[in-house]
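In the two assemblies presented below, chain A is common to both, partnered first by chain B and then by chain C.
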Partner chain A sequence: MNETESTFTTSRRGLLGGAGALAAAGWIGGTAGSWLLRPGWAHAAGPIKMGIATDITGPIAGAGNADWQVAQFTVEQINKDGGILGQPIELYLEDTASDPKIAVGNVRRLIQERKVDVVLGGITSAMRQAIKDPIVNRGRTLYIYPQLYEGQECTKNLFCTGPTPAQQCDKLIPYLIKTVGRKRFAMPSANYVWPQLLNKYARKVIEANGGEVVFEEYYPLDQAEYSATIGKIKDGKVDCVFNTVIAPGLLPFAKQLAESGFQRNGGVLTCVYFDENILNFLPANVIDGSYSCLDYFQAVDDPFSKQLTEAYSKRFPDTKYLFTGGSAATGTSRGIKFYEAAVKETKGDLHRDAVAAAMDHGVIANGPGGGSSMVPGHMHCTMNMYTAACKVVGDKAAYQIVDKADMVDPREC
Partner chain B sequence: MLTAVKTRARRGNRPFRALLAVELFVVAALVAAPLLLWDRLDLITLLTNVMILSILAISFDMCWGFSGIMSFGQALFFGVAGYVIALVGRDLDYSVIWGVLPLAMLTGLALAFVFAVFLLLGRKTPSAIFVAFGTLTGSYAAERLVSGWQYVGAGNGLSSVKLLQLGSYEFIEGYQFYALALLCLGLVYLMCRFIVRSQLGLVLAGIRQNEERLAFLGYRVQVFKALVFSFAGMIAGLSGALYSYHQGFIGPGNMGPGLSTTAVLYCLFGGAGTLVGPVIGTVALEMLSYGLSDVDAIRQFWPIILGLVLLVVVMFQPTGLLGLVVSARERIGSYGARDRRSARI
Partner chain C sequence: MTDVVTLIFDIASFSSVMVLIVLGLGVIASMMGIFNFAHGEFVLLGAYTVYLSAAAGLGLWFGIFAAPVVVGLLGLVMERVVIRRFYASPIIAMLGTYAIGLVIRETVRGLLGGQYRSIAEPVTGAFSIGELNFSIWRTIIIGATLVVLTASWWMLIRTPIGLRIRGALENPMLARACGISTARLYGLTFAFGSALAGLAGALIVPLYQLSADIGIRFLVQAFLSVMLGGVGTFQGPVLGAGAVGVMASGLPWLVPPVLADPLVFLIALVFVKLRPQGLWPAGRT
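For the complex of A and B:
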């Protein structure tokens, strides 16, 4: 009897110890922390409270940290110039941890505990869909979503300040087909809503321009093995990969693609969220020669953009989180500026309906890559779009602008 | 009969029953919380969430703490039920409380029963490891399946879950939802407490301590296990539905091994086999992570600290937090009166 009992306890302890070890390894997430940026001065009416909900940890952290830094930078600049009509902005950060189920709880803290006037953030569409309900419907708060995305988000009181499929594909794909001369496209994708809807749009543009989609496939977000996909790319004589795989699956996919010699043999990799920050996700050799199309690249040389990035580099010297287009950083800056313009118009009225009404026809004269204006009634904004090719110089990814379109319409809602 | 009398007599002499005191304290604290925190909606929301998760932890305790079934898949029943009610809300536009909560419980029950048939009622007697891996695999497979299935939102999960309705009232997070979660937790708790202190509970305790001996005595051990496992699945289903309505979101991560393991930890941290232990474990761990994540100095590595705390508890205090105040004698407890008729036979 003793023997039975002792084996029983061993297996018991063994299993349970394993569970504890998993927790220690950080496999099991919990709530994540919050940060606060206070203005250096006060105003009788108190500060304007702005909540940033972005991925500070997890696979998307490389983009989320850039957004947080840009938000701090932009808000500091506004506060330095006297705030919005004399009222400073107080910035609250909640980590959405690249995990919607953690994010829902943390975003609620912004609404219920911090009682913020506006929430800005979310990077992946999975994240936006998870947090928009707690913010806009249950939380009755204004929400600004800064990332490029698949379109069709027509929720009231939710403004999108990143590029839409029309803005990204309408110039890039004809350029790839007509100028670069690539016709056989493959669409390897992460299985969630952004790739599905973006691909639908991109396929139309590809086919309208005389290109052909060889295959369109969806993988779980954390898939690590892509040899079947690479095989299909080879067998199908694909000469352009239109990638919508995201982190964490991105690194293994891009590496295996590069190792298969796809680029060496003249293939072109294109991805509409690749930007100077991509080195936070991928090694330089796999992105050399890839194409992207975004609202801003650091090679854009209008004086305002130049000055903005210089000031940013001074604020965050040697940072690896850059002020770029594909990581939602430009959308973050634009979103804050739209909010500032709206509150100026309402003369300091922070109520959601008033601010939303003012934002609906907001215009900002300057920004990274140029100005922008909301299309009234559509909750999306026009912006300049740049098609660019990646050249790796040393250990930095630099983009050369090959094509530009002014004030492209988002064509949404 | 004699032993029963003896037990009762000995119990009568006990000056202090720690477990009961802890239970009463927890009830008092949970009832008093909304009164003390009347202007902290965020903490009420957090506590509501914690109570919902503690129902999940209780379901694990029923399996492990009371019947010795190592289930690493409680999140599966939790998640599937959460998805089912989210889909019913999305596609059928239905979320009336009297319909959806029983539906969620039925989903959990049915799914757990299917698992029980495969894992427990097979021809060969399953080992603890077999059941642990079987449930873990189920949980993992479900997470992978759901994250690739576009009808249920694939990697996105389902968001903007339709609000739970009672008449014309719609539950959003806050004091009313807190009351609802407290009521559900209370009912589940009383039901579980009744079961584990009944004669059925005595059989289960026997199975937990020495399965073979019970089998030799003529009990169909696996049938009892299947019964409890299905019941625990039902509770987990209820918890999943409440979670889905409360968060307004359910995703693949809510049915995977991550949450399954978290449920195990809640239970172990508080003290398995006590019912109130898992509740305390859930409250303690969630509060700890809520607090730790806000301290500047340890922000970067608080999950590791939390993990180490858990490791220490599991290794050096296997009876959990409650083991510090509740004796082993009391933890094993006493059981309801035997049926008179069967006693005569």
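For the complex of A and C:
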């Protein structure tokens, strides 16, 4: 029997197929069903149950599907190599549907019905805050949050494997000011916790480097009209837009910004979650020339990362959901590897406290963009950070790496 | 100076979107006394038609022209099958149309798999006059709104069918006594209102993204516009929509953007309280 065989078994609604079939789940009240990826073999102790809670549908689906695919890919690789100490991982997926209200119920299913050993997922901070209590406190389960975020998440048994503001801003902003030569920043933002706290941090870095924040303002997440914002950008002679607007407001904002001629007249758009997947959200002309700073770009030239992304594209040929940094995909992969390392250290003990204690000083030698190590007692990890500029070639977004920092400290908790 | 021109253009384009959406709602509310809570979903169906047309390889333009026809026909069927049973009880009609809207919305959500889809403009980019940049598609929306407004107004005021519609609106009993089939007129009016919603959806979807909730975003503001403008006339809802559009896009200049939406409601509600007949009261000619 093929060890890597992956069977999608729909637990409730008899649908078979790949991620595309997940789609039909929207039928009932916008909630999705649950999916299961079974290993092709068994172990006496039973499988390790890993829950993935991510946005398969809704405005953030462009990132969530990438995370789900990367989770499948990473787990399949681990299972192919014999699992964790001989125990295979079984993956359970619940759709968080880009909607915390729907998510809480679905995540509860992972904990109560599936009784998973660990949950990975959540993309927006609003989502993390909604699901962390059902997972960590009421659910008494280990939680790994894979997305770049605003920091200050210091909950016990919650490990963050994505970049923090210190990791993203400390190099990017000085680069924009000193090398690209942009001084007047605007901070258009979606009105929730990530933009508010990230802006607070970014503002300090901007001002410390001699830049100036012309305005910082917040919009409802689904705002459709940004004339006033564009007006203020022109009015204030802004030359760098530090964007934290997210989907669904992102497309109308970015389009209006590009149509106003901001980039054509020398303005620079920068956004710390932009990556190669951004074409799932925005047309190419809007992001050409924008800057980002992440733990991985596909242009990173180390053999391990190259091999990883090649294997991924072999597993998911022609997918539009890529293995990228800004969509929480690298964080997902890193999170699973940290978990693997921890369970190896506990010799297969899956109890939360034991695994969490091992994860606390976890080290992974290789990963997308390089290795990573947990800062003991801080629940965050160091990673290489890359500043990159987007260049659209044909229908693909390519990032050229312009600056690199090794093993940057998360400086959290 | 250039900023002012750009601002006026942006406000005009958003107000056009509002007018397009409200026009169909206003026509149905004014002529038939039905508040169509499925209007947002008719907008959605218009947008969805464009998506289907593009997916089937027929192109965006075909979809944009097909949308009002498809949604209009659907409106006609719906009026025949469901809506006409509600004329006697407008409250039940609201609930009934809400239910229809819900069915449409969740069906489309299922068909889209809960995903958001970007639909490109048939004509992308911007053109420049001097230092000013104008989005081509937004310009087309402003133009289309003006054409639709003029054509609708002309149809209502200058054509025999318009005369009958106005007659049926003024005094349905007398109209029926004169041999005008009000039932048929209502069917046509509903189809016309639906077609306008379909067109609105088709035109606005490239600006935003196609998702099952595209209509909801505008529905409440559209009702507010009708209320603000006054029910019972053609001009009222259009003026109301223009006012709401200007406020919604202009207020973020003056107050923090998160406050703009609630403020639009507050201003409109205070206005309606002081002037219940709306901007353009019925009965004026």
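Assume the second predicted complex is superposed on the first by the 383 of 413 C-alpha atoms of A that agree within 3 Å, B and C clash if a C-alpha of one lies under 4 Å from a C-alpha of the other, contacts with A are read in each partner's own complex, and residues count from 1 in each chain.
The rule is simple: contacts are C-beta pairs under 8 Å (C-beta built on N, C-alpha and C of every residue); 3 or more make two chains touch, one makes a residue touch a chain.
Model, not experiment: these values are computed from the prediction.
Novice: Which partner does A:N191 reach: the first (chain B), the second (chain C), both, or neither?
Specialist: Both chain B and chain C are touched by A:N191.
Novice: Quick check on the superposed pair: does A:G236 touch chain B, chain C, both, or neither? Answer first, second, both or neither.
Specialist: Neither chain B nor chain C is touched by A:G236.
Novice: Identify the partner contact of A:P248: answer first if only chain B is touched, second if only chain C is, both if each is, neither if none is.
Specialist: second
Novice: Pick one for A:G348: touches chain B only (first), chain C only (second), both, or neither.
Specialist: Neither partner.
Novice: Determine, under the contact definition given at the top, whether A:E217 touches first (chain B), second (chain C), both, or neither.
Specialist: In the superposed model, A:E217 contacts chain C only, not chain B.
Novice: Just to be sure I read the superposition right, which of the two partners does A:P283 touch: chain B = first, chain C = second, or both, or neither?
Specialist: second
Novice: In the superposed arrangement, what residues of chain A touch both chain B and chain C?
Specialist: Common to the two interfaces on chain A: residues 20, 22-27, 29-30, 32, 191, 218-220.
Novice: Taking the touch rule as given, give the residues of chain C at its contact with chain A in the complex, in rising order.
Specialist: Result: residues 3, 6-7, 10-11, 14, 106, 109-110, 112-116, 118, 120, 124-126, 128, 133-135, 138, 207-209, 211-213, 217, 248-253, 256-258, 261 of chain C touch chain A.
Novice: Could you please specify the touching residues of chain A with respect to chain B in the complex?
Specialist: Touching chain B: residues 1, 4-5, 8, 11-13, 15-17, 19-34, 99-101, 104-105, 108-109, 112-113, 125-126, 129-130, 132-134, 137-138, 190-193, 196, 218-221 of chain A.
Novice: Which residues of chain B touch chain A in their complex?
Specialist: Listed in rising order, the residues are 40-43, 45-46, 49, 68, 70, 128-129, 132, 144, 147-148, 150, 153-157, 159-161, 172-173, 209-210, 212-213, 247-249, 251, 253-254, 258, 261-262, 264-265, 268, 285-286, 289-290, 293-294, 299, 302-304, 306-308, 310-311, 313-315, 318.
Novice: Please output the residues of chain A touching chain C within their complex, sorted ascending.
Specialist: 20, 22-27, 29-30, 32, 56-59, 61-62, 95, 97, 191, 217-220, 222-225, 227-232, 234-235, 247-248, 251-252, 255-256, 259-261, 264, 281-283, 285
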